[in-house]
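Several structures are given next for inspection.
The two complexes that follow have subunit A in common; it is paired with subunit B in the first and with subunit C in the second.
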Partner chain A sequence: MTREPLLSVRNLKTYFIQDEGLVKAVDGVSFDVAEGVTLGIVGESGCGKSVTARSILRIVDRPGRIVEGEIHFRRPSANGGPGRTVDLATLEPNGAEMRAIRGAEIALIFQEPMSSFSPVHTIGSQIVEAIRLHQPGGRREARDKTIELLRRVGVSSPEERVDQLSNQLSGGMRQRAMIAMALSCHPTLLIADEPTTALDVTTQTQILELMRQLQQEDGMAIMLITHDLGVIATMATDVAVMYLGRVVEQAPVDAIFHAPLHPYTRALLRSIPRIRSRARLVPIAGAVPHPYDRPTGCPFHPRCAEFKAGTCDRQEPRLTRIGDHHTVSCFLYE
Partner chain B sequence: MSAAPTPLLRVAGLQKLFPIRKGFLKRTAGYVRAVDGVSFHIDEGETLGLVGESGCGKTTTARCVLRAIEPTAGEIFMRVANGSVVELGQLRPAELRALRREMQMIFQDPFTSLNPRMTLLDLVGEPLLVHGMKSRREREERVADLLRRVGLRPEYMRRFPHAFSGGERQRIGIARALALHPRLVVADEPVSALDVSVQAQILNLLVDLQADLRLTYLFVAHDLSVVRHISNRVAVMYVGRMVELAKTDELYRAPRHPYTAALLSAAPEPDPRVRSRRLMLQGEVANPAAPPGGCYFHPRCPYAIDVCRTETPAWQEISPAHFVGCHRAHELQLAGVE
Partner chain C sequence: MLAYIGRRVLLAIFTVWAISVLSFVIIQLPPGDYVTSYIAQMASSGSVVSEEEAQALRLQYGLGQPIYVQYAKWMRQVLVGNFGMSMEWRRPVTDVIGERLWLTIAVSVAALLLTWVLALPIGIYSAVRQYSAGDYLATFIGFIGLAVPNFLLALVILYLGFILFNAHIGGLFSPEFQDAAWSGARAWDLLKHLPIPALILGLAGTAQQIRIMRANLLDELRKPYVVTARSKGLSEVRVILRYPVRVALNPFASTIGYTLPYIVSGSIIVSLVLGLPTVGPLLLKALIAQDMFLAGTIVLMLGVMTVIGTLVSDILLVWVDPRIRLEET
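After this line comes the complex of A and B, so read on.
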């Protein structure tokens, strides 16, 4: 267990510098993803979970930019031995090395399967393009591989689907095709950004099950980004809870749900409606602040039930280690 | 025992078909059966939850009830303020307009459903003005009162909606819906666009307003956890038809339709210790433009037998106030959630 993690993000800061003000979308995020596990990243809108993913892939839109921090990624080696580690934050976003990693070693699936495929090219031609970009071999071979991939992710009659446009596929089928494309180059890390949010619940179950099965077969690590604590509980091995650009707590999934430490995690778990209960909900007061109006000190202090005046609004809590695998950023534990 | 009071709303055999037009002459090539023979009632002060996946016809049903769209067939009876029962389809436009004060809607998306160029005073005051409250002072007082009721500060009434968060905007939408003292409020996915930490605030607000103002809700949603929290009874729809309707706890604990059971088991629970044995459905929701024969659910149903493929199941009352449309409802033992 002493092997270094597959991905190690350290003090990542991605800011959007705009005329209206500075948005600290990601403000000092650190976490690790071990090989073959699923790290769930959970948080509400504006917590920086998607910008974190885009920072790792170096596809942050302007005027956003990584201003500080490291993103260590261990690249696979040809002979299966321990690979070389690179800091993605220092690479040229459109340079050769980043292009070799993006889409091949680190793959991404988005929330909106509707808008992530080109509407004027067939599903097959887009997957073929992804394969040929990163792997040797001819068009014929890539097409056969594509049909095989579509079959593997459960697309019905893949020989016909391969020549269809994305709008001819249902939402669930489109997300399966998206997964096929992501897996086409055997990534070691799959980043899934709200992969089932646009889907119906019975389709969501199918897609989550498919992702779990593919992970068992291929052994890739998954970074699963979602706002849905139900999806996190179903899929994740470890969980990082984010709030306003920070990781406020990180722990194994069971600890997050059964022994949460941070007041935000605890309040979030109390506020969600549960299918087994009709008890009155306990909401979190207020709303997520506007990004231009970021509170001083701990970003959660204006909504926190355990707020200590003079401390929480003045200083920023440090990430504190509680036990082997549990870290929390709150003055209650410093 | 006295007879049960007349329900506030009764819907009988509601149907809405949307024509599919094809070709140069736009000839009707078929119909999307968005809502296909739906019947239910809602008692005064009650919340009926209407659940189902996208395309099941739950929103179309809600809109037909409000007559925001014209149903193809079916009757909608409403008990009006003076106690008499009217059928909405029989009303003249002016009569319908007068009745609209009694039925209001809360929308899903508080970002697009509020006009960005109107202040809170105009947004919440507009229905008052339309329905005859001409005095500005009177309107301001009423708007201030409404804003207080939904948990907003009346001092904000001259601001525009962009200054407010999603949860606050949903409160504005609720204040607007309540302006005319409605008796029936149709809420279409009122919390699904909101952050999880804010959902609970709005759900609690809706519960409190119902108790204070004796409101009746038709609550449309896809999230079964949300629906459980707010509904007295729940109706489940699948491809334009109602498949089950029962008291909330009974439906969740002991579902009688395989689709309801599948929905309950598919909802991911926020607890890693109950990574349950999922009843996973195969395939996808049927196309309402070309639904399969018999029971629309049969291609995905693990319990389907021959009769399911050929005959539409009857809508039967399997136990008191528990309705289900399934050929095998009497023999199946389905698991719910406690």
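After this line comes the complex of A and C, so read on.
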């Protein structure tokens, strides 16, 4: 039995219309997130990972705009049934329905633990605000919940931390508090945008472990955005590889690491160091093209080892299904 | 928190003392002493001051004694509210300044409030809707407000008031209340007259504050904590007012300190043009006439106002930005 996915993004295009030119930050992204699993989204800086996340939450900053595509999200129903599916792309970004979903059903944690809390409000007041926005109950009750949440994510002495400002907390503590806030309303989807990038390695492991544990307890789906394939390998069930605003390959994590199809995925894997391997690291040739100067055809063709002149630079490859759960966008497989 | 405020108050007291020394120096500055200039002035108006009379005056002000004795004598008088005689007016300085001080404070506070009431929302709008038609309009008016000297604006408004409504806009009271005793009706009359001088005096400050608010808020709007607030599902208005505006208020609050005395001392010409019975024109006249007790007293009061303004903005800052509280302890 395959249930309808929790989140299904189809041909999403988010463009930034600027005086200097049009930046196609997200240019036809499609992927699915099933209930309760972790989808890793991986790609180099500037490939549109974060904009995809913000498009789903409808908090893309101007002049960015969703110009095309659908974002189907299945809202939980009160009785635990399949719920109603809405297309987030058609909702008013600041309308009541979108705001009821944002924070309550889809929560976001992101990279900057240093500045993602307001510097002039206490940690507690910011979490209390989120709780009271989406759940009934008074201030006292929300405060108790906040302390409980902080304890759950492993913040030390939460009774004191709740009244502290963010600059009194370490980076790791702040990210824990951020996770507490994101989970305060029991979202069905947690979008984690580079949640551990700014943390040191030991803290990184702890935070990832915490996220995995909380996922097991709460059963939410996680959309984990990162450029770190190591993080993907430990966390993700499925992986979507992005390049220049597109998903070039999506597959279960084993398939991505052991049977990658797309030349970009393969190049990406060759560029990470492995213990017990004497093979030289192979960097991906060239650099990510400037956003105003996108290549025609397949966006990866100028850097691709298997470039076929006349095809790759003229036509755009389509996302093609290879096997049950493996899709790839490359002329080698069409 | 209390320790912080206590420390500020102590510093304020020290500063006020330093200002009093400065005011005393100003009183002492002109060549010759008070009595010499008094005699000279009497002579210029045709009357003669006898030697005995001059001697009595010298004694009264402790002239001829060491400077610190003179300061102490003056200070003791000041502390009991005796600021000396204004020779220009031949009345005690307190009488001369009297009501003018309260009217000055009324006009200043009105100008300050108007500045905030106008600058805050316009500044926020300008930043949130950057490069919109409204932002350009606010920027345009803002720069005009900064560039046009406010006395010119006062003249224009007087002229327009006269041409269009045949009304005399100047002053703080209608003629019938000019010298009347204080009453509800007189206070109401004052309130009716306050907006125009407050607007003229506050315009430059308003323009400046709009720019400051806009720039601060533009910086803050791009900070990640705003994304956090938005991703909670707060309405856009609440996101902006509760988070970035709160942080952007910090420099806004710290400018009160110098805005207050600026309005008083910067208002001299406007007050002359509009015929406002405030302290500004008095200071100008006192300086021209070398009426040093009057001038020194006004300088002292301006100084104290600055200190009070700074103290208020310091305390406001702690409230707006709790990080300051932490740094102090």
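Points worth noting:
We take it that the second predicted complex is superposed on the first by the 328 of 334 C-alpha atoms of A that agree within 3 Å, B and C clash if a C-alpha of one lies under 4 Å from a C-alpha of the other, contacts with A are read in each partner's own complex, and residues count from 1 in each chain.
Going forward, a residue touches a chain if its C-beta (ideal position, glycine included) is under 8 Å from a C-beta of that chain, and two chains touch if they have at least 3 such contacts.
It should be emphasised that the depicted structure is a prediction, and the values quoted were computed from it without experimental measurement.
Per the definitions stated earlier, placing subunit B and subunit C onto a shared subunit A by superposition produces no clash, and the two fit side by side. By the touch criterion defined above, A:45 reaches subunit B but does not reach subunit C.
Once chain A of one complex is fitted onto chain A of the other, the partner contacts of A:181 are limited to subunit C, with no touch recorded for subunit B.
Touched residues of subunit A were counted for both subunit B and subunit C, and B has more of them.
When the shared chain is aligned, subunit B comes close enough to touch A:258, but subunit C does not.
Rounded to the nearest 10, the angle at the Cα centre of subunit A between the centres of subunit B and subunit C is 80 degrees. Applying the stated contact rule after C-alpha superposition, one finds that A:275 touches subunit B and leaves subunit C untouched.
Here the smallest spacing between CA atoms of subunit B and those of subunit C, following superposition, is 8 Å. Touched by subunit B in one complex and by subunit C in the other is not one residue of subunit A. The touching residues of subunit C, when paired with subunit A in their complex, are 222-225, 227-236, 243, 246-247, 320-323, 326.
Residues of subunit B that touch subunit A in their complex: 53-54, 165-168, 195-201, 203-204, 207, 222-226, 228-229, 248-249, 252, 262-264, 266-273, 275, 278, 280-281, 284-285, 337-338. Residues of subunit A that touch subunit B in their complex: 44-45, 170, 172-173, 200-206, 208-209, 227-234, 236, 253-254, 257-258, 267-269, 271-278, 280-284, 287-288, 290, 303. Touching subunit C in their complex are the following residues of subunit A: 54, 57, 59, 61, 94, 99-104, 107-108, 110-112, 115-121, 126, 129-130, 133-134, 165, 167-168, 178, 181.
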